[in-house]
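Below, chain A partners chain B and then partners chain C, in two separate complexes.
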Partner chain A sequence: MTDVLVCVKRVPDASGEVVLNEAGDAVDGRYAGYTMSEHEECAVAIAVEIAGESGGEVTVLSLGQEDCVEQLRAAVAVGAHAAVRIDAQADGFGPGDVAAAIASAVREKEAGGTSYDLVLLGNDAADTGDHQVGIRLAHLLARPVVAGAQTITVAEGRAEVRAGTATGTVVYELPLPAVATVLEGGVQPRYPAITGRMRARKTPIEVLAPGVEPRGNGRLGLRVLPPPESQVEVLGHGTGAAVRLAQVLRELGVVR
Partner chain B sequence: MSVLVLVEMEDPGQGEAGLSVVAEETLTFARGLPGEGVHAVLVGQVGQPGERVLAQCREQGVRTLFVSTDAQLERYAALAWARVVDAGLQVSGAAYLLGGGTPCGNEVLAHVAAIHDVPMAANVVHIVQLDPLEVERQVVGGAVLERIGLGGQLAVASVAGHAVAPAPSAEPTQPTVEQVAVELTPADLVAQVRRSEAREGGDTSALAGASVVVGVGRGVGGADRFAAAEALAERLGGSVGVSRVVTSLGWRPHHEQVGQTGSRISPDLYLACGISGAIQHWAGCSSSRTIIAVNTDEEAPMVTKARYAVIGDMHEVLPALLDELG
Partner chain C sequence: MSRSTLPDRCDVLVIGAGIVGNALVHHLALLGWHDIVQIDKGPLPNPGGSTGHASNFVFPVDHSREITDLTLDSVRQYREMGVFTESGGIEVARTQERMEELRRRMSSATAWGVESRLVTPEEIVEMVPFVDPDVVVGGFYTPSVGVVDSLRAGTIMRERAQESGALTTVPNVEVTGMTVTEGRVRAVQTDKGSIEAPVVVIACGVWSPRLARMAGAHIPLTPAVHQMISVGPCAPLAGTEGEISFPIIRDMDTFCYERQHGSDMEVGSYAHRPILHEPEEIPSIAQAKLSPTEMPFTEDDFDPQLEQALEIMPELLGDERAEIRYAINGLLSLTPDGAPVLGETPEVGGLWSCAAVWIKEGPGVGRAMAEWMTHGRSEIDLGASDIARFYPHQRTRAHIRARTSEGFNKTYGIVHPAEQWQSSRPLRLSPMHAAQRELGAVFHEAVGWERPQWYETNAGLLEEFGEAVMHRENEWDARWWSPIINAEHLAMRARGGIVDLTAFAIFDVVGPQALAAIQRIVVAQADVRVGRVIYTPVLDEAGGFRSDLTVMRLAHDHFRVVTGGAHGMVDKKWFADHLPDGARLVDLTSAISTVGLWGPRAGDVLGALTDDDISPESFAFATWRLIEVGELSVLASRISYVGEFGWELYVPMETGAALWDRLIEAGREHGVGPVGIGVYTATGRIEKGYRAYGAELDAERSLFETGMSRPRIKDADFIGRQAVLEQQGVAPRAVLCALTVDDHTCADGSRRYMLGGEPILTREGQLLTDGHGHHPYVTSAASAPSLGTHVLMAFLPPAQAVPGTELAVSYMEQLFPVTVARADATPLLDPDNLRVKGRYAELGPGTGGA
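And then the complex of A and B:
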């Protein structure tokens, strides 16, 4: 039985245009909406698979205010069994603070008799992209950690973790309990079935206090980069552009 | 007070292996920090560094190159590598630790930051002010820059790819090579690569090193509609690269993805077909020498950011182009 904890973060959807709030100190997701990163969606998919095979449970955790329940429910809808929210304002928490708060929650759950064989996080959050919460968490929990996992399988108390590189795949074997940060690309995110959506609505959300005093993220300000001035030359429309396009390719010296 | 830079090797293709371009960029960036100079640390190479590495260090003004020739470290193990970097920090007394904004750079630096319980800034693009240190870093996939303070005993930061162009130092050095000895514990090596498997059907270094990349996005319309793009890539001796939507839909494998969470490419020509040009895609292709967009929408960001564009259906434009090229 492998029990898995997956940490998911509510982030503004940034696949379109990014706008800042009036104070200029945070990305405003009110128009684009909020989501979790694809890395975390893949982590949830991996966790559901591992727990499902062994009769274990998946718990999802998010540090944030009431609204991050939306992301927790989205994870329950695709197969997570339980959800925990650490009640805090995520923007005031730096990556070290988030790791400390998650570690504190893991210990609190452990004291109550619930332990996690595997803790999964995203490799990097889609908004702040700090690339470190999982590694800091592993240090705080004194567990081994692999970053950039794309697939994970568990057998006999060990996890086989595979990560992509430029030339292929590298394979790790870790004793459990362990931590891994997940990178998209190894598995497909799961889509909710109707039954999952119904379960998500009914699943209670356990709320924990952060258990740490945040030191903050050091943020002094944000700015959105202005788009570069367009210097595009339109070579033509449809098939009529082919002659000119071929000529440009020859001028660029890329036609052999 | 000095700067220590974790440097990585290039995947040795042909000829003698050297430091990666990102390593040279990071060393160049490091010279913008104050103090008595730049040191480098190289892990995972068994044996003495070769002539090419030493020449690169000389050119970059590196004073000491710390190496560990421990055979246990040949296979990647982020925590064990972090121990070596940490030993380099102790010996050099460096107040700044930098690395490339690569998977390895970010992972090893995060371990060092965790060991010392100090902040780490990922994907820094430039220094705003030195005292107290403030930097700007890429967030939200490069769409936004965040200004943060990195005060304290030890400032740890990874430098985003292409943040600076690699440039030789005005004062080349005669680098000393120094062995760093570390006592590794079994715990340091638990998360070590056991084995590597080469990818069937080529590797992404082919995509990353291609002189022409034909980019394909959602506009292609389906997994079975890549023939024209593949034929064009073949005709131009290049590779096919794709957007994330294409890999998410399962039309192509992830290792072909270009962008923030895929490969960064810098070909002579990037021909982006049916790709809207979202910032996260742009992050991976913006350093192409010339970009040509083929898109039905003349207002797509890819079109306005490109040098040239053809407005039209890629399934009409590409076959016509192939005909024209003969």
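And then the complex of A and C:
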């Protein structure tokens, strides 16, 4: 029975043009909405798979105010069993603070009799891209960690973690309990079913105090680079474009 | 052709390439416009507006005839383009109350000529096997419901106009400003340069208010969220071919629909809280995740609807393998009264609005708008959609937000025909409002005015008139109604009544060409002596009704037009648009308060307050005079819309309360008291067969069909004269009749009273069809307490338009026998108009004679 904790962050959906808030220190999601990163969606999918096979449970955790419940429920809708919110103003928490708060939560839960064999996080935050929380968390919990995990299987108290690289796949084996940060691409996250949404709606959200005094994120501001000039080249119209199109496809190596 | 550079000028610029912009350019080209430019800020074929995310289904039946006709015309066009797939559709009821509403839907379906039938839960399951029959009590099935490809339709229409050489379309052009000089639009500025155009149409859906503001005009609508999800793949739908093979379900009591789309089921909702946006806050194409009008989905708002959707399709939607693959807060346009916003803006000449149009009406609206822009009128009357209908307060953001918030959840609601709005009230108050409150007035709202519908302090009259007040036992029939209205009516006929008419729209036409102006606009002879009042139809070029109203000649160069509040702003625009140089229009609506005083003792009441000679002999019918009522100077006009002797009394707004108090005080001695507008607009007029604009009169009706032609047509030219001459002597294709209900008893033994909109059938229940191909329906229904009957008005085929003809009215799917009582404008009550003439002594006993 493998119990998994997945940590998710409420972030603006970055599918459209990035819009900053008025202060210029955060991405604004008013147009595109809020979501969790694709890395974290994959982490949830991996966790649900591992727990499902072993009869364990998936708990999803986020640090933030009431609005991050939307992301917690989204995870429950696709198979997580329980949800924990660390009640905090996420903007005031740097990566180290978040790691400490999660570590505190893990210990608090452990003291209450709930331990997690595996803690999964996204490889990096979709809005701030810090790449830090997973490693810091592992350090604080004194657990082994693998970054950039794309698939994870658990057997006999050990996890096999696969991470893709430019030259191939690296396979790690870790003793549990462990930490892993998940990189999208190894599994296909699913959309919720209506019954999943119904479950999510009824699942209670456990609220924990952060347990740490945040030191802040140290971020001064964000800057959005102007979008690159359009690279569109009109190859022609109708059948007249065929020859040029074939030429371009050959140049790109799409056809030989 | 489609190109990337903007021409310098054109005859008409259409901004917007959604369903209605595309339909409009197509029909403009068909009607001979040959230099049309169409722009959109987005790419083609889906520029990112509401058309792009529409659910694209069409339910033809609406309680509004105008909307249904536009929808039916749209379906004809969609079919012709080959983009319509008939699926059938069922509005299902979970409650008996809704089932009654579906019976009312049947009335509208029959009246507007759309084949439909009520179905049992078993029949629903036969058509849509995944519906749980235990959840529904019945349904309203319309076989001709279908889905369209609105993007394809838009492309076809646009390309047809391009192929004819009439249209240049330039996508990816964003409007940045508009040039307006001397009240007319001249040019439009864009990020790709400026274009001169004498006519500009804003067909920009949710963005329309923002564009109108660039020109100093208003398009009163707001972007609002309609939530929609798509769930799939659903196992039962996997084997089906094509886009849709099961009828669309409208789950009316949960304000949701379930529409199959291939192997997915779309669930849409009008049940969530109203979520309004500002046009300025809609994301740009680059900022948006999907498209600007597909806003981020807010799950919390939709979760309750999911539960209800699961109830009605438990197995299909409850399948764990079926995922919510697409979920949006789709933006669509909502207006304060739910109707589209069409026509030339009253603020800026040449600037037209073509907005707040659903997919189901798009091509029909495009055609009607093109006709209007070309000929000044459209085949389908667009009276309820005319942008000129709005008073200034109705164009404010606060009003739009309040009314659309209130109206959103009525999209699938059960809306009583007399239902009152609760928001944006009270706003426009008569000067005598405080006194009316003390009299227990129950206020109904009309274009912002609080008008006493009846007065609770008149409840004592119920005892006086007993059974004659015609109580209504059914809650629906009696909703927004009171028997006190009928008691007030009887008191007015017996003694008299005082009616607040301050909601009238009033405007003067002045100047050396004032007579010429009025003469040209109205049907009646306007060249009358100063002191005369004329009641007259106002027609369009084809002889259809634009209005009916009264005109007083105040001086040789000064006329005063008095018209109903509801339609006042449209009338004002019509007059203003048709004034020659040398005539000006001055709006006095907010300057004048009007009180009606009528009845056998009206003369006694007014006589007690004035030394002027107001006897019927001295103060002739259809004349006005300045009289002194104490220290008040009053313009008294001897006309009547209730069929009694008396006056409309006009005073400056600030003395309205003083006049009211004096009349109420003087009336007390004669048993003459306040009477609500329920008498004025319904019972009083229907006994006299007086027609009402918007009910009996609209642009699709002629003088001859309505029995309002006069023996002589004036020599002076007027708008519609040629058409009237052509119609003269030609047998009308339908005739406006008054019918009486012979028996009100329904199957359960209770008595039912029709409210209007019901189909008139043969006694056996067979459909009737007039010369237009239309089916007769009740245009107005009201108690006629003085006649002891319930009167219906309807346009009948000439063969049935014969007094004594026995027919039936279908109400809530039951037939009630009716008989044609009048086939012309002869009043049912007092056909010789002795009352109006003040000759009460000649009336028989018990009819209010002195």
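The rule is simple: the second predicted complex is superposed on the first by the 228 of 256 C-alpha atoms of A that agree within 3 Å, B and C clash if a C-alpha of one lies under 4 Å from a C-alpha of the other, contacts with A are read in each partner's own complex, and residues count from 1 in each chain.
FYI, contacts are C-beta pairs under 8 Å (C-beta built on N, C-alpha and C of every residue); 3 or more make two chains touch, one makes a residue touch a chain.
Treat the numbers as computed from the prediction; the structure is a model and nothing was measured.
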| item | value |
| --- | --- |
| Which superposed partner A:I135 touches (first chain B, second chain C, both, neither) | first |
| Touched partner set for A:S15, first chain B, second chain C, both or neither | both |
| Chain B or chain C, by number of chain A residues touched | B |
| First, second, both or neither for A:L183, with chain B first and chain C second | first |
| Partner chain in contact with A:V248 - chain B first, chain C second, else both or neither | first |
| First (chain B), second (chain C), both or neither touched by A:P227 | both |
| First, second, both or neither for A:A147, with chain B first and chain C second | first |
| Partner chain in contact with A:R158 - chain B first, chain C second, else both or neither | neither |
| Which of chain B and chain C A:G29 touches, first, second, both or neither | second |
| Residues of chain A at both interfaces, chain B in one complex, chain C in the other | 15-16, 227 |
| Chain B contact footprint on chain A (complex, rising order) | 12, 14-16, 18, 20, 27, 38-39, 94-96, 124, 126-132, 135-136, 138-139, 144-148, 150, 164-175, 178, 183-186, 188-189, 217-225, 227-228, 230-239, 241-243, 245-246, 248-249, 252-256 |
| Of all residues in chain C, those that touch chain A in their complex | 231, 283-284, 286-290, 295-297, 299-300, 303, 306-307, 309-310, 317-325 |
| Contacting residues of chain A [partner chain C, same complex] | 13, 15-17, 19, 29, 31-34, 70, 73-74, 190-198, 201, 227 |
| Sites on chain B touched by chain A in the complex | 11, 76, 78-79, 103, 106-107, 110-111, 113-115, 117, 119-123, 134, 138-150, 158, 187, 190-199, 203-205, 208, 211-212, 236-238, 244, 247-248, 250, 254-255, 257, 261, 263, 268-269, 278-280, 290, 292-293, 298, 301, 303-313, 316-317, 320-321, 323-325 |
